[in-house]
Every structure is written in structure tokens, then in C-alpha cells.
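Pasting the structures here.
Here chain A shows up in two complexes: once beside chain B, once beside chain C.
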Partner chain A sequence: MIIKKSELSSFLDKLTGQYQVLAPVKKGLEFYFQPISSGVQADLSYSNSVTAPKGILFPQSETLFNYDVQGETADMQECLDTGKKVIFGLRPCDAKSLVLLDKVFHGEKYQDPYYLSRRANTVLVGLGCGEPRGTCFCASLDGGPFGTEGLDLLLVDIGDKYVVEVVSEKGASFLTGASLPLAGKDDRAAAAKAKETAFQACTINLEGLKEKMDVNYDDPVWGFLHEKCLGCGACTYSCPTCHCFDILDEVKDSTGCRVRNWDACMFPLFTLHGSGHNPRPTGKERFRQRFMHKFKYFVDNYGAFACVGCGRCILNCPVNIDIRQVLADIKAGGDEK
Partner chain B sequence: MQVASLIQDAAKRLLAEGQVELVLGFSEGSLPLRSTPGFVRRPEDAVKLIWDHTCENNLAVYLLKRKSKTAIVAKGCDTRAIVTLIQENQVDRNNLYIIGVPCTGMIDRRKVEALLEGQELMAARVDHDQLTVEGKDLEKTVPLAEVLHDTCKACTCPNPVIYDELAGERVPEKPAGDFNGIEAFEAMMAGERKAYLAEELSRCIRCYACRQACPLCYCEECFVDCSTPQWIGKAARTEDNLLFQAVRVFHLAGRCADCGACERACPVGLKLSLLTRKMVKEVKDLFDYEAGLDLERKPVLTTFAVNDPQAFLVKE
Partner chain C sequence: MNNPYLPIPVRLTKNFIETEDRLIHTFTLQFLKEEDENSFSYMPGQFVEICVFGKGEAPFGIASSPTESGFLKFSVAKVGVVTTALHAMQEGSILGVRGPMGNGSAVEKLKGKNLVIIGGGFAFTTLRSLITYILHPGHRGDFGELTVIYGARNPGLLLYKEELAEWEKRSDINLVCTIDVPCEGWNKRVGFVPTCTKEVAPCSDNTYAIVCGPPVMIKFTTPVLEELGFSPGQVFLSLENKMKCGIGMCGRCNVGGKYVCKDGPVFTKEELDRLPPEY
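Let's turn to the complex of A and B:
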């Protein structure tokens, strides 16, 4: 099937009647995934959004339930979001990150109703990357500029139109009734060509990394890698795979709500115990945690690296700590080079 | 001689003679127009140190809690932060060797991005006072002065105010700041200004990169992190984001070095210098004090003078 670019906004307009539609919206120089009320607000001329669309399914802050305590009893309302959503035009790396989050929130031991409810009610329409950024390395992480993992539909830009490829059953049923024209032979050939010519300059070599990280907990390399890190949340809060959170109550008199907020391993407050003890007392342990979690613990627990190669942490770090260099340094190990 | 080689020579000498254990400077970054803080401990590594229009970070932030003898490469504004840190007993002057660098301004990558019409920056070079940037199929040359950070354009203190040696020639002092950049912001009516700030800060993701990049934001426990009592909502809600910045800026009154480090660190490009510079201006207007310019002068909020304005006092 195809969507003509000239008809994209009317296509989106129709969707906004049935779904909450979230699409890239330009604000200043940056793009953000935001709910749109009209198709013209969406701007697909983007390389990627500053922060990852994971925040739509796993919001930075969400109220889990509200309560009202009366004497010995309490009235409680859970806040399950069951609204129908479409995330339109997300990049393949960000779709793949949701598959990784599924492993956590849809696990054997733990099912997260808040995430899962949103996930089940959301259709993911991806947009393939004809021109990957210089900091994109998804192809090194089992993905690619036209990867479909996690997606329901994939759009391929072929100039004046998008070829719509159906990836999942959910995607197929989403399209029933949309009465989109079928893709012709030429369209399909053009889509195949677009995929072929997309060139990703940046690659990283992950061979041996996990094996190295199985044994390098005390490597002197950690002693200097973290030195220039400021301990902020610019990397983890923009990362599509980071998923640590903190839960707290906001109470006023007898009413309150339980709120879940993102947390970040780079903050001094992360894992600070009530006693004042912190098992990760300095930047060194916290920096190690970020990389261990992504490239060792997650692999041990779920059999995949917790990085999809979107490059956001590289672009957003205020002191230019580059994950590609960090991984190379970890692999080399030893003292300061 | 090139500034970079002067820095390298100094670093090499200081390390070889054992005068310092560490030199904090800048080294080559991994992206166009990016440098990265460089920690150099061996004389032979001094060659890694660079100096150009991308050395935008305020390295004074790395001096906090450092016990060993350290040398630091510092621009004018960086030295203002150092002065305040010394005054506040956070840095021991005897443990510090300052390689001061007269500064001609740092490039604002967002201004460069705006030139590139959405294309990714592939390469950049500075030739005299012109900057040439390349996108995929676009090349532009602009006067360097146009793409400098606003804080650099308005900087009145390009020469280090305190140093042990100077790398490079002093640059001409600029006239006292006219706070041009914040005029439009100041001119807004209260309601308009609040609406503007709310719209801007709705984008804040509470990553605290601004706080972490600031050398003067060194509280052991920041009020936003405190949980007993909880002073502020932890969620990234606009009203709490506003409160966070308001308190941060108030806490920097009379201390902010006007270096722009917070703004440069913000991943969503918030114009934080509007707030910090407004506060700098208020303090200057009220007390004729600018932080970090004079090590001997008492920090303004720790002193009292009978002729201090007392407009806040309740009158009969």
C-alpha cells in the first residue's frame, strides 16, 4: 500500500478521530513525539527525536493510583491508561527498544499493567531511515535503518510517497478500512532500492565485549572512564532502552497519589539507602553500572544488549562522552591510554 | 606561538617537574565542533591538549573535592568561577595551578545547526574570523562572531582574572556589559514572561545536566533531591520545572560566573542564561557586585553595608 505525501496530513486527520496520534513535532531546532490534533503538525523530515518515544508507553512520570484514606479504610483508584494510540513515524531503533522493554515489563516474574496496557493499545507505525545520522549504529546491534522488529507497519520514503509495509497482524487490521491504494511494482522496486542504498557509516564491533565485561568488574579502566562524567541524566533520560524508575507518594492531608518517575543510575541519589549507605558511592560505580547494565546484566537476564544504537547519548552528553569510544576503551581495558 | 602549544608546554613541564599530578584541559572530541574535557597525568600525553573555539565547558566543575595538586586550563569566565570557589572554601588555591587562556569566544552549535537547514553537521573549520560548516550537500561560511554563544558575545571578562601563567596574548577588554541579550526578556510583562517561561520549561526533562555542569552548584544534597521533606515535585511537570530553575537561579545570586555552562549542557536547548544573566544584572544593579572578579572583595551576600538597598524591608 502507499500513502502519498500530499495526502499524509489528511490520512493523519482521519486517524486523530479514532486514536490519540503521536508524531514527531518540531519545536525550535528539535523534534519531540507529541500528541497531534491535526495532521499538519506532524513533521517527518526529522532524523530522530531528542528524547525517545518510549516515554509514551513508559512516561517519565505517571500516577499509578490515587487514594483517599478515611479512618481505617482507603478508597483507591488505579490509573490504567487504556486509550487507543498510534505512534506515527517512529524510527526502527526506537521500535526495537520497545521489544527490549517488553522483556522487562512483560517478564516471567513481573508484569507491569501500566506499561502493558498502553503497549497493547498502541499501534507502531515506523519510518525507515534513508539517511542515517553519523552517530547511528543500529546495524551493529541486530537492527538496521529499515529494521522492523517491534513495529506493526513500516513506511519507506520513495520520494513523493511512502510505501507502507505490513509487519504484524495488528498492523494489517489497523489498515483495514483505510482504503489506501496498493503499491505498484515500481513503488515496490523503489522501496527496495531505498533500503539498499541507505548507508550507515558508523559501525561498532561488539565482538568479545560481553566476555570481557563478565570479568572486568575490577578493571582499572573504570577508574578513569568516568572521570569527566558530570553525573547528569542527559544520556539515560534520552535513551530508548533505559528503564530504571523510582516510586514515591505525593500526599496532602488524607489524599494522595503514588507516582512513578524515571530514575537514572548516573545520579548520586540512585540506590542511596535510607541508612545513608550507597553501594554505588562515587561516579566510578555509577558509570560502571550504566555500562554493565546495558552490556552485561541485561544480556545475562534477557539475552540481548540493552542498546539499540540510536546515538542519542552521544549527541546529548554535555562533555562529549561517546559510547562508541567508551566501549572500545572497555574492550581494551587496563590503565589510561 | 599557538595557544595550544603553550598549553601543552606548560602541562608537560608541570607534570615532568612533579608540580602537579593532573592537568585539566580540553582534548579532541568525537564530533564536529565538539571538544571533550581532557585529564592528563603523564608529560607525554600533554600533546593531546587542544585549544580552539569549541572549548566551551567550564572545567572548574572538576576541581570540587579534588585533593591532589592540579593544573587547570581556564578561560576568563572559568577563572571567575574559580575565584568564587576559592572564596567559598571549596578549592584550595595552594593546590591549584591556573593556566589562564585569553578567550575570543566559543561556538554555539545550535546556531550552527540553525544554519544547516536541518542537515547534519559533517565538518567545520575556522579560518581567521570565519567559520565554514558543511552539511551533506551544503556549505556555508559565516563570520565567527555570529555563531558564538550569547554569553560569549556579551562577555566582559575574556581575560583570566586569576592565573599562574597565561597561554597567549591578552585580548582587548570589552566595555562593561549592557546585558543586551536579556532586554527583550526583561521588557515582557509579568504574565507574558511567566507564559514564556512555562512554555520553554515544559520541555525540561529534569536531567539536571544544567546543575551538574555548573561549578557553583555543589550542594551536598540539592533541594530537588531531598525527600524528607520533599520540597518540590520530582516529576517533570512544568510548574515544578519552573520552581527548580527559579530556586537554582536564586541560589546562584551573587555567585553565578555568567559562564553559560548550564545552558550549554541542556540537551533540549533551553535558554537558561536569560534567567542567570537577569540575576547577575539584578545583583549588579543592587549591590554593584559581579561575582568572581576580585578574590579580595567579600562575596556580596556575606557582607552588609549600611547603604545596601533595603527595598524589601517593610516600611511603616
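Let's turn to the complex of A and C:
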């Protein structure tokens, strides 16, 4: 199927009637995923959004439930979001990150109803990456500019139109009734060509990384890798795979709500015990934790690296710490520095 | 879908000042609804998140035993926001609990073994649960000899004094209490837990050790056990990392790839030796 670029905004207009539609919107020089009320607000001429669309399914701050406790009664109202949503035009790396978050929030024993109900009610329409940024390295992490993991539909830009590829059943049923024209032979050939010529500005070699990290907890490399790091958490807040959070209460009189907010392993308070003891007392341990979590612990627990190569942590770090270099240094080990 | 973030409503029926310094209170909680009480099944070593509406939640080991029905018991030291609010709570107030959380499976592994239970400070709470469980007539036969070593800085800081006195009279438990420095009116043992362990711990054959206490006590007690011939697989430890969700999602309590909330809080020393020392 195809969507002509000239008809994209009317296609989105129709969707906004049935779904909450979230698409890249330009603000200043940057792009953010935002709910749109009209198709013209969406702007697909972007490389990627500043913050990851993860925040649509797992918001930076959300109310888990409201309560009213008076005398003998405790009344609790859970705040589940079951609205139908479409995330339109997200990049394959960000779609893949949701597959990783699924593993966390859909545990064997416990399931997170907030994330999972949004996830179940959201259609993911991806947009293949014709011109990845210089900081992108998705292809080194089992992904690619046209990867489909986690997506329901994939759009491939072929000039004046998008070829729409169906990835999942959810995607197929989403399109029923949309009466889009079928893709012709030329369109399909153009899409294949676009994929073939997609380039990746950079690749990194992660071979042997996990094996190295299985044994390098005491490597001297950790002693200097963190030295520049300010512990600001910009990397974790912009990362599409980071999932740490805090839970706290907000109150007024007898009524209140329990809220969860993103949190980060880069902050000292994250692990501080009530006694004052801190198992990860300095930047060294916290920096090591972030990398160990993504490239060892997550692999041990869920069988995949918790990084999709989106490059946001590189773009947002105020002191230019580059994950690609960090991983290369980890692999090389401290002795060689 | 079952929502693991929603607390079960309970009533605070007793707020008891447990220690002489008044910094530890023991709380008795009862379920508001009978169906909640019936479906809340737990084992010694497990914990809950107690929720003080308006202040937040914090994890506490369950001090009561599943053999005591009708209530849950916790002993809580006052250290911060939630614990201070708890201490000030009027009897009759409504609180919430989420849980039980953590692996309650350790008890199964202890069956058929002689046990030495070693505790220090307020971490004695879950050990009280375990001891009460073992001493229950229906369970006592499942376990071998039982030695309990319990240390506190001074006699006023010992928890559950009445029960300790009862246990001292029994022949099916060897209770050894110790305090850090001599003190008037105390005619029992004086000395730190590790030293005391060296002197009174039973032979390591067919024996498991369960150790629960502040990090420094654990640090000096485990080498003593090793000297006495306990292999790392024979030593159980309970960790208390900072927690929020209690269900392995918020990423806060990990030690290496293990989450203390979900995979612990009880680990064998053998398991911990394979993990980084981040606890």
C-alpha cells in the first residue's frame, strides 16, 4: 500500500478522529513526539526526536492511583490509561526499545498494568531511516534503519510517497477501512532500493563485549571512564531503554495520589540506604552500573543488550561522553590505557 | 490484570514502643477485609511495602509468622520520612501493604538441618518470624537442633524481650543473647556477635547458618562461619537494598543482575560470592 505525501495530512486527520495520534512535531530546531489535532502538525522531515517516544507508554511522571483515606475507609481509584493511540513515524530503533521494555514490564510473576495497557492499545507506525545521524549505530545492535522489530507498520520514503509495509496483524487490521491504494511494482522496487542504499554513519564492533564484561568488574578501566561524568542523568532520561523509576505520594487533605517518576542510576540518592550506607557510593560505581546493566545484566536476564544505538546519550551528554568510545575502552581494558 | 502497585488496606491496631531508646516501634496490622487476609499467604523472610497514605511507601521484613493468624507484625526503626510518620501514627489509623514480596523459599531448604540463626540490631525481625515458625508444634519436627545468637548494643535495644525470656526457658531452642559492652543488671554474655558465634556455634555438619544484621556484623561473622567449616552454600544472608517497586521493575535494588526484591532478599553466600559486592 502507499500513502502519497500530498495526502499524508488528510490521512492523519482521519486518524485523529479515532485515536490519539502522536507524531513528530517541530519546536524550534528540534522535534518532539506530541499529540496532534490536525495532520499538518506532523513533520516527518526529522532525523529523530530529542526525547524517546518511550515516554508515551511510560511517562516521565504518571499517577498510579488516587486515594481518599478517611476514618475507617480507604478508597483507591487506579488510573489506567486505556485510550487508543497511534505513534506515527517513530524510528525503528525506538520501536525496538519497546520490545526490550516489554521484557521488563511483563515479568514472569508481576506485570505492570500501566505500561502494558498503553502498549496493547497503541499502534506503532514506523518510519524507515533514509539518512541516519552521525551518532546512530543501530545496525551494530541487531537493528537497522529499516528494522521492523516491535513495529506494526513500516513506512518507506520513496520520494513523493511512502510505501506502507505491514509488519504485524495489529498493523493489518489498523489499515482495514483506510482504503489506501496498493503499491505498484515500481513502488516496491523503489522501496527495496531505498533499503539497500541505506547507510549507517557508524558501526561499532560489540563482539566479545559481553564476555569481557562478565569478568571485568574490577578492571582499572572503570577508574577513569567515569571521571568526566557529572552524574546529571541526561543520558538515562533521553535513553529509550532506561526504565528506572521512583514512587512517591502527593497529597492534599485526606486525598492524594501515588505517582511514579523516572529516576536514574546515575544519582547517589538512588541507592542510599536508610542507615546512610550506599552500595554505589561514588560516580565510579554508578557509571559502571549503567554500562553493566545495559551490556551484561540485561543480557543475563533477558538475552539482549539494553541499547538500540539511537545515539541520544551521545547528543545529550554535557561533557561529550560517547558510548561508542566507552564500549571500545571497556573492550580494550584498563591495562592498555 | 492484577495491579501490583495497589496496596491492601489494613488497620494499625497496635503501635508499641519496642526499645528503650524509643527508636524502634513494633506495629501490629490487621486486614480490613477478610478476603484480603485469607489470600495473603507468606513465609518467613518475605517483606511488604508498607504505605503511609500521604507520605509514601517503604519495605519492611515481616516479623510475624504465618503460624500466627489474624495479624501482621513489623518492627521499624525511625530513620526518615515514612518511618517517622509511622512512629507517630495513632492506633486505629488506616495503612496499606503491598506484598508479600521476595522469595519465601529458603525455609524449604532448611528442613532436616540443624540451624544456627544469627542476628544483630533490628534486622532480628524476620528472624523472629523464622524462629516462631520453626518452634510451632506442627513444624518443630521438620528441623534439627536450633541455636539462636542475638546481639544488641545494650539490653534496652533487644527486641521482643518477653519472647526471648520464654525461649530461654525452652529446651528445644538454645538462645544466646549478647550485648556489646558490660552493663549493670546484665549477667549474661558480653561481646560482639562474631566472637560469640565462634564460641557457641554448633558443628557445621548438616547445619545451615542464617545471618541477618547490619553490614558490619555480616562482614565479620561470615569469615567466622567459614573458619568453623560452613561452606558458602550453608550460609544464608538477607539483604536490605533500597527499594521502591518491590517487583523487579524500578531498577533500584539490584546486586549485579539479581534484584534483591524479586530474586532475594535471602541469598546463600555462595550466590552472593558470584555477584558484585553492591549491598
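One rule holds for everything that comes next: the second predicted complex is superposed on the first by the 335 of 337 C-alpha atoms of A that agree within 3 Å, B and C clash if a C-alpha of one lies under 4 Å from a C-alpha of the other, contacts with A are read in each partner's own complex, and residues count from 1 in each chain.
By definition in this document, contacts are C-beta pairs under 8 Å (C-beta built on N, C-alpha and C of every residue); 3 or more make two chains touch, one makes a residue touch a chain.
Quick caveat, the model's predicted, so the values are computed rather than measured.
After alignment on the shared chain A, the placement of chain B and chain C results in a side-by-side fit free of clashes. When the shared chain is aligned, chain B comes close enough to touch A:Gly28, but chain C does not.
Contacts of A:His277 after superposition on the shared chain: chain C is touched, whereas chain B is not.
For the three-chain arrangement built by superposition, the Cα-centre angle with chain A at its corner and chain B and chain C at its ends equals 90°, in steps of 10.
Of the two partner chains, chain B is the only one touched by A:Arg324; chain C is not. Applying the stated contact rule after C-alpha superposition, one finds that A:Thr73 touches chain C and leaves chain B untouched. Contacts of A:Gly134 after superposition on the shared chain: chain B is touched, whereas chain C is not.
When the two complexes are overlaid on their common chain A, residue A:Phe267 makes contact with chain B while staying clear of chain C.
Of the two partner chains placed around the shared chain by superposition, neither chain B nor chain C is touched by A:Phe88. Looking at the shared chain after the overlay, A:Ser47 reaches chain B, while chain C stays out of its contact range. Of the two partner chains, neither chain B nor chain C is touched by A:Phe291.
Of all C-alpha pairs linking chain B and chain C after the chain A fit, the shortest spans 5 Å. Counting contacts as defined above, chain A residues 246, 248 meet chain B in one complex and chain C in the other. Chain contact summary for the complex, chain C toward chain A: residues 1-7, 9, 11, 32, 51, 53-58, 77, 79-80, 83, 94, 96, 214-215, 240-242, 244-245, 247-252, 254-257, 262, 276, 278-279.
Chain contact summary for the complex, chain A toward chain C: residues 64-65, 67, 69, 71-74, 76, 78, 104-105, 107, 109-114, 116-117, 217, 243-249, 251, 256, 258, 263, 265, 270-275, 277, 279-280, 285, 289, 292-293, 296-297, 300-301.
Those residues of chain B that touch chain A in the shared complex are 29-31, 34-37, 39, 41, 57, 61-62, 110, 113-114, 118, 120, 122, 136, 203, 205-209, 211-213, 225, 227, 230, 233-237, 264-265, 267-269.
Here chain A touches chain B in the complex through residues 27-30, 32, 45, 47, 50-51, 60-61, 131, 133-135, 224, 227-228, 230-234, 237-238, 246, 248, 250, 259, 261, 264, 267-269, 314-316, 318-322, 324-325, 336, going by the rule given at the top.
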